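The following blocks contain the structures, represented as structure tokens.
In the two assemblies presented below, chain A is common to both, partnered first by chain B and then by chain C.
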Partner chain A sequence: MSLAYARNDWYVIADRNSLEQGPRRTRLLGDEIHVSGSYAHPVIKDASGRMLPTQIKFDHVWTTVGDRPRPLFDIPEGNEPGRRLVPCGMVRVKCSPLRAVENFLDIAHFPFVHTDVLGAEPYTEVEPYKVEIREQNDEVWATKVKFFQPLAAKSAAGGITTDYEYRVPAPTTAVLYKTCPPKPEAQDVITIFVQPRSETECDVWPWMALYDDDTPYADLVQFQQMIFLQDRSILENQRPIKLPLDPRMEIPTRSDLTSVAYRRWLKKRGAFYGALAETL
Partner chain B sequence: MTWRPVGLTRDVPAGRVMRAWVDGQDAVVWRSTRGVLSAWDNRCPHRGMALSHGFVRGEDLACLYHGWHYGAEGGVCSLIPSHPDLTPPDTIKTRAFQSAESDGVIWVRLEGSPDLAPIDLAPPAIAPGLDPLRSFEIRASEGDIAHGAAAKPFEPAILSLLFNPIAHDRTLVTVLIDAQATSDQRKLASRWCEDVRREVEA
Partner chain C sequence: MSAAFTLYDYVLSGNCYKIRLFASLLAMPYQSVAIDFYPGYEHRSERMLSLNPAGTLPVMVTSAGGQVLTETNAMLAWMALHDGGAQTPWFPAVDPALGPQVQQGLAFGAGLTDSIGLARLHAMLDWPVDGEAAKRAGLKHLRALELHLTDRQIDGGLWWAGAHPTIADLACFPYVALSPDAGLEHDGFPAIRRWLYAVRSLPGFATMPGIHPLHELR
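On to the complex of A and B.
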């Protein structure tokens, strides 16, 4: 485990809703964190009472426990006019934070885990797509991903082939750009911010920036929560719990290109918190 | 390694998938549509998902996560749905254990390959004239359960208990009853099982 690397990233530890419910305790990188104050002025302290830095971004409260934190990445689409920003609450999952991110980057499971929603047999084939590490900001990108979906979004009326792009700006964040059914020239943005409670437990905070002014907020949140609860049934049943970085431990196929790149990228950075760096 | 009783034949009909524990090993036990019983490491070699959550398709067990198929004969991967035209290399396979059935009880052991000579495959013989009654988990050690059962002798019919330790405080108990026992005696024996469980778990 490499706590040193992980300490210098920023993590979501609350949203507006959770702060309005009063002070709360949570966990970050294995330690207890106290969250109080208001959404405008959050007060975050570690177990010893030390004040931690905070920032509000993407409708969430972020903190870091490191001495030399890396700058928090941007998601520029969040500032585009016309988009509706939708924080989706939190889902707790007993799994490695890195397994949660990897699952989010995967489309081949749609027909089996999100059956008749994000995928359906016999439409299981994954066409070749492109994966790269973008040097300028050292991010994993997967582009030209296509998949047939029976009900791709709340705003979709029927089955469509959806175009996807994935972006990994930090080890515990994944951003997805996908065809927006009512506005085919634009892309909806769906993100997960993963709060690593420990190496084997995390809180997943989905956040969306959509072109959808019609669907009620509760329906949008409920749709995302349903998807994540389906994912949880997988994530809590993988062994080993930590994400293996040795390619011999879990055999990939071509459709796993994003996952393979993500694992290599973690390994290269030494981002081992929640990973199994050695071979069992 | 020893043969471990992991459940009853009737609890794993064709198409059924079950999780089992064998000497600390997490295992999946399942029966194909044509009736072939298999016991494997409960882990898909692709992304580590528990195969006990999977589903039977004909003679294959499919993983719930990405639908990869593994064949009853040898556990070799036969289909990767994300690339349906690809013939998976036969190096992609599950780790298979020995499994066998006798007198309505399913037995699994870790050591040895499933291709061993039949003589080696024979699980322990059960005393003749016994029927499987039920197989269930008790949150207690084998020793505590044996002690609890002995303290509460069952009079109406002959019972025999098989133990499969799962953890230091969890044991799978398989109960066999005299094949001549009446249905009333079987009901009483089931109730006795519940009583023993309640007492040793208390």
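On to the complex of A and C.
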């Protein structure tokens, strides 16, 4: 575990809805955190009463417990006119925060876990795609990913081959870009912001920036919740609970290229919080 | 075909799933209206409270007659009777042996909302309740159900009561199947596992998040 590294990242700690429910206690990197105030003026304190810095970005309240925090990344698509921004609340999962991110990057499980929605048998083949670590901003990117999807989004009218791109801008955030069914030249953006409560438990805050003016908010959120809760029961049953970074621990297949790159990238930067790194 | 009812629905709700599942088993068409239970707490909005002052989901409004039903047991009964009349095998209400047994199962199923259901909301969505107490109550319920189903299986039965699945099975199925979401695993409950498998094998079975399709068991 490398708490020192993890302390200097920013994490989602609240959204507007959760603040409207009143003060709340939560956890971040193993420690208790007190959340109160309003969305305009959130008050975030650690267990000793120290005020923690906050910033509002991507419809969520972010905080950090580090002394020298790295700057929070940007998701420029969030500012594009015409997109609908959809915060989806949070879901608690008893798994490593890194496993939650890794699962989000994996397409091979679609036909089996999101049957008849994000995938279907017999269309289980993952075509070769491209994975790289972009040096200029030190992010993991997977591009040219293609997959057949019976119901790619709430806005989809039927099955389509969806183009995907994945981006990991920070160890506990994953962003995906996918073909927008009613606007095939554009891409929907779906993100998970993972709040690490401990190395083995996390709160996951999904957020979407979509081209969809028609679908009611409740339907958009519930589509996302349906998908994510299908993953949750799988995630809670993965063993070992922490993410192994040693490639000998879990044999990768070709479709796992993104996961291999993500694990290497974590290892390189020393982001071991939530990782099984006993052989490192 | 025209919708038999409108369902005010939430995708992660085990109680809403009772109705979606039964509709799928009966191939009964209905119209679903998504309510933002979480994160929006829309079930407590004025519009929803005027429909159901108890502030719970699901709510069913029947197309013929416009009855408003807010108890899932009543909805299951309505659907069984709407589908098959008094002869429906799903709800042998006036059978002197089976009728009371089915009522027993319906009441047991309703009790699961406050045990396993709350433990699950706490574990999943950080619902502000005593999660540990709800989980303990859930474990008691699983043990009681295991006993009941073991007795049934010794007598050669598979369902809560009688030779055909009834709305009592459907009232119990969702929260029992979803209990691992709350950390209540099925490992120590062989009779429950057999019964879950039987329900999942029914023609027309529908899943919900947390309940995987049967191909993963094979």
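Keep in mind that, in the parts below, the second predicted complex is superposed on the first by the 278 of 280 C-alpha atoms of A that agree within 3 Å, B and C clash if a C-alpha of one lies under 4 Å from a C-alpha of the other, contacts with A are read in each partner's own complex, and residues count from 1 in each chain.
Note that contacts are C-beta pairs under 8 Å (C-beta built on N, C-alpha and C of every residue); 3 or more make two chains touch, one makes a residue touch a chain.
Source: prediction; values computed, not measured.
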Discussion item. Contacts for A:P184 in the overlay, against chain B (first) and chain C (second): which applies, first, second, both or neither?
Written reply: neither
Discussion item. After the superposition on A, what does A:V126 contact: first (chain B), second (chain C), both or neither?
Written reply: first
Worksheet entry | chain B versus chain C as contact partner of A:D219, first or second or both or neither | second
Discussion item. Going by the contact rule set out at the top, does A:C88 touch chain B (first), chain C (second), both, or neither?
Written reply: second
Worksheet item: On chain A, which partner's contacts cover more residues, chain B's or chain C's?
Response: C
Discussion item. Which partner chains sit in contact with A:H109 here, chain B, chain C, both or neither? Use first/second/both/neither.
Written reply: first
Discussion item. In the overlaid three-chain picture, which partner chain does A:P53 touch, first (chain B) or second (chain C), both, or neither?
Written reply: neither
Item to complete: Scan A:D15 for contacts with chain B and chain C and give back first, second, both or neither.
Response: second
Fill in: Which superposed partner A:R232 touches (first chain B, second chain C, both, neither)
second
Worksheet item: Once the shared chain is lined up, is A:P247 touching chain B (first), chain C (second), both, or neither of them?
Response: neither
Item to complete: Using the superposition on A, tell me which residues of chain A are in contact with chain B and, in the other complex, with chain C.
Response: 112-113, 121, 233
Worksheet entry | chain A-facing residues of chain B, complex | 26, 42-43, 45-50, 53, 63-67, 80-84, 86, 88, 92
Worksheet item: Along chain A, where are the residues that touch chain B in the complex?
Response: 106, 108-109, 111-113, 121, 124-126, 233-234, 237-240, 244, 250-255
Worksheet item: Hey, which residues of chain C end up touching chain A in the complex?
Response: 10-12, 34-36, 38-42, 123-126, 128, 180-181, 183, 207-210, 212-213, 215-216
Response to the item:
As the complex stands, chain A meets chain C at residues 15, 17-18, 21, 26, 87-92, 94, 112-113, 115, 121, 203, 216-219, 221-223, 225-230, 232-233, 236
